[in-house]
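Please go over the structures that come below.
The same subunit A turns up in both complexes below, where it pairs with subunit B and then with subunit C.
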Partner chain A sequence: MADRQEKLSVAFAWLSALLVPALLAMVTGFLLRRGLPSLQVALWFGDTPPLAALLHGAPVFDGIWPACLGTLYLVALVALMAVPLGVASGIFLAEYAGGRTKLAFSFCIELLAGIPSILMGLFGFALILFLRRSFAPEANTCLLLSAFCLTLLVLPYLISSTRLAIESLPDALRLTGASLGLSHWQLIRRILLPASAPGIFSGVILAIGRAAEDTAVILMTGVVANAGTPGSLTAKYEALPFHIYYLAAEYQSPAELAQAFATALVLLALTGLLLLAARRLQAGLEIK
Partner chain B sequence: MAARLLYCAAAVSALAVLAILAFLVYFSLPLFQGDQLAALFSWHWRPLQNEFGILPMIAASLALAVSSMLVAYPLALGVCCFAHGLGPDWAARPLLVAVRLMSSVPTVVYGLVAAFSLVPLIRGASSGSGLCWLAALLTLAVLALPTIVLLLDNQFQRLESEIRLTAAALGLTRVQEMLQLTLPLSSRGLVMAAILGFGRALGDTLVPLMLAGNAPQPPLSLLDPMRTLTAHIALVVATDSQSAAYNSLFACGLILFLLTVLVNLGLRRIRTGATAHG
Partner chain C sequence: MKAAIRVEKLSVSFAGKHVIRHLSLEIASGGPTFLVGRSGSGKTTLLRALNRLNECLPGCATSGQVELRLGEQWVDAYAATTNVENLRRRVGMVFQSPNVLPLSILRNIEMPLKVALSLPADEAEARAEQALREVHLWDEVKDRLSQAASTLSGGQQQRLCLARTLALRPQILLLDEPTASLDFKAAQRIEDLLLELKSRYTLLVVSHSLGQARRIAESLFVLHDGERIEALSKDVFQDRDALFSVMDELI
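For the complex of A and B:
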């Protein structure tokens, strides 16, 4: 009886273990088959000469270059806002907070981590409604608003990875600091932060990946299908994930659908590379 | 000085979630006047006839999250057991690498691939458009799988280092160790992974939006289209309808928020229980 149960369990484990890589292979295989033929320079720049677009900002009409730039700007803005805030909060929770403050803050941040991304988008949307009713009647969804809402989305990841990186440092480091007569802040600044930098950086990279791939938030806060290169912080913009979503729903020709698959390949490569970079940092940490 | 700045940063981060809640409550306040609340909890969403019932969306969200968990959870458990004793040792690492890669695939990419591979299959096998509960369920299961696997893997790793010697002393095989010791001992972790996966499935927008067909009706058959709360929010904002629709939008948001709070409280309860009992 027990023997049979064992055999069944092993069989099921094999089945699921085979299914998972098979699924991954199917997804990437499908994307490669449909998208690879369109993965050419024209995918990025359409009919515009690439150099003219890159150096002189010539408008690109049926390429994904504006969407690439949009995602780049978006990610840069998110990093600018989220990294200082997230890392500082992580340091506070790891080093300074105690008792009730720590409990209350961690509860709020855990809750923020669990909130569906669409609610961050809805929050941004509500913020615009609120601004219009109160003191900025012209307020509209834009690049800056998306970056703000995405900041809320990635903040919990940054905080918990920073906190974990600092809290998992060996006690010997703290003792060293104390024996050198360092103040608490000097200890953090000169010893703990440099030692936990790889862990913090890998958290930052993962957060950037999350911001680059999210569609639900930007869908509600200012991304559009045809905005060209983003002009200002308060302008509408294009982004890679939304471009894929839009083409999948509204494609007019097989060529546009092929472009959707090629764009998906580009985005997949981007998030995959970010994951690899983060893993490499973490691996370096484990060896030390 | 530094400590004060850091405190402010942490306070801002912690207050963010309260700000979100405050905005949701503020914008759903008009619903608590008159009989609007009763109208909200009806089974009919027909904006043109001034009917804004959101019960179909609530039901669809819950049904989709539970059903995709029913598919993803056993698979994730199988994968974890395979990586921790039921399969050959050499296969564990590559398998977990594959799972990590799966977790880095953007949601919209899963949606795109499913829309042009899975949906045509379902369309061929049934009479409808192929955009239905089943399509969203299967894709969502793939999406939630890595979350569950990585959490369980973490649990199993920690537990294994504790019980390895005991298991070896008892003369248990790796398979017996997994089935007789690790699994029963990690019951809390198993529940936590299920709750976390449920929360992940409940909160996803893109998969139901792209694959579930978005018809506001109660989920009665796997081959029927459905509309989840998340997709509903995205759709209403995109279509720019009248203000009464906007109000119900924030009610949907509030319900999603409360469900998230419940999920988090559940997780927290299990975790504190775990530390209290050693």
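For the complex of A and C:
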């Protein structure tokens, strides 16, 4: 009886474990089948010669190149703002905050984590309305605003993963560092941070993925269907997830729908590349 | 006999629970002075009270006085004016299980020198070599200094930890069961080292081995449940039967 139960549990565990790769293969296979035929140079650049677009910034009208750049810029901006802020807050919570301060801060971060992304988008929109009515009448939704709102959205991941990674380090590491006469900050910088890098890194992965795929926030804060390559921080821009959404919602020919699938493939590849880049960054953080 | 450590009415508690209560003792310079007692009696906590390491653990409260003779001066360890990082460098500690950092062999010693003492690279390297020679590890590792310290054997790792502490030029060395996790031969090497080091440092050794204490201790304390500490005279603990009869009542 017990034997049969064990066999059943093992079989179930195997089945569940296989389910994830199987689903992943299905989704990717589906995307590849529908999107691969459209994955041509024209998808990126439309009628504009690619070299002219890449080297001389010739405008691209029917391609996803501007959306690729838009998403890249957006993710880079978010990483630039969210990673230092999030890691620093995580360090503060794990190492410096105590008692009530810690409770209050943790509560705020949990609240922030619970806010749906559409609300974050509305907040950005309301912020612009407020700015226009008060001291910046010409303020408008833009790349910087989207990045700011996305930063708010992903900060909780970064803070929690940093804090958890540091707090779960063994006491022995702390005692070792302190016994060698390192100050608190030297201990954090030289021993605790490098040792918790993998945990912090998993937070960075989550944050980057989230920033790259989010549509609700950017929808309210500055993304448009046709803006060309982003010109400045205060300009409107295009982005891949929005482009997919737009095509899928308003396609007028099967070819356009196929383009949406191809764009989804590109977004997938781009996120993969970003994660690889983040991994390289982590290798640089390792204890030296 | 010159004293090196004076402890006066020391109490240490974790989250309100007393581990050490009203303990007073005086430890001579040189040594080795051994501290024995049953597991959980507070030996480690007592050692950590001497270099204020308990403060790094959550929920710890310490009261009483600890005075250490550093150079020709007496330093009040818990005085507000005492620089705790400086104190910990001068009162070095080696832990029960080897705690090498996830760094190369050389970097394990150099990192604290460069970071805590801001020594320039060449001086840190020279000190590292000197410390590795002092623990007789240099010949074993001189060709693999850039390998991860975790590739060393347990005994080598423990000697590396000792070298790392010595490189900071401490005056007092606290050793918490330094041979507990080592095999017989590696433990033997550490014992030999302690005998060499006793002329240059004040050594306070927590040990689980009465045989070891009998072989190398100059003086010996028995800690009873963090409350009572008893000094055994040398003729008592050198006499095997007398020592074991004292310890019997402990266990």
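Criterion: the second predicted complex is superposed on the first by the 238 of 288 C-alpha atoms of A that agree within 3 Å, B and C clash if a C-alpha of one lies under 4 Å from a C-alpha of the other, contacts with A are read in each partner's own complex, and residues count from 1 in each chain.
Following the convention adopted for this analysis, a residue touches a chain if its C-beta (ideal position, glycine included) is under 8 Å from a C-beta of that chain, and two chains touch if they have at least 3 such contacts.
Every value quoted in this text rests on a predicted model; they were computed, and no experiment measured them.
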**Message:** Output check: A:Leu24 vs subunit B and subunit C. Expected answer is one of first, second, both, neither. What do you get?
**Reply:** first
**Asked** Between subunit B (first) and subunit C (second), which does A:Ala277 come into contact with in this model arrangement: first, second, both, or neither?
**Response** neither
**Message:** With both complexes overlaid on chain A, does A:Ile191 touch subunit B (first), subunit C (second), both or neither?
**Reply:** second
**Touched partner set for A:Leu32, first subunit B, second subunit C, both or neither** = neither
**Fill in**
subunit A contact check, subunit B vs subunit C, more residues touched by chain B
**Asked** So, does A:Ala139 touch the first partner subunit B, the second partner subunit C, both, or neither?
**Response** neither
**Item:** Which superposed partner A:Arg174 touches (first subunit B, second subunit C, both, neither)
**Value:** second
**Message:** Under the stated touch criterion, which partner chain does A:Leu182 make contact with: subunit B (first), subunit C (second), both, or neither?
**Reply:** second
**Item:** Shared subunit A contacts, counted only where both subunit B and subunit C touch the same residue
**Value:** none
**Asked** Which residues of subunit C touch subunit A in the complex?
**Response** 48, 51, 53, 56-57, 85-86, 88-89, 92-93, 95, 99, 101-103, 107, 111-112, 115-117, 164-165, 168
**Asked** Residues of subunit B touching subunit A in their complex?
**Response** 2-3, 5-7, 9-20, 23-24, 26-27, 74-79, 81-83, 86-87, 91, 94-95, 98-113, 115-117, 142, 145, 175-176, 179, 199, 202-206, 210, 230, 233-234, 237-238, 246, 249-250, 253, 256-257, 260-261, 263-264, 267-268
**Item:** Footprint of subunit C on subunit A - complex, ascending
**Value:** 171-176, 178-183, 186, 190-191, 194-195, 287-288
**Complete:** The subunit A residues in contact with subunit B across the complex are 5-6, 9-10, 12-17, 19-21, 23-24, 26-27, 30-31, 34, 84-86, 88-89, 91-93, 95-97, 104-105, 107-112, 114-123, 125-127, 129-130, 152, 155-156, 159, 184-185, 188-189, 209, 213-216, 219-220, 241-242, 244-245, 248-249, 257, 260-261, 264, 267-268, 271-272, 274-275, 279
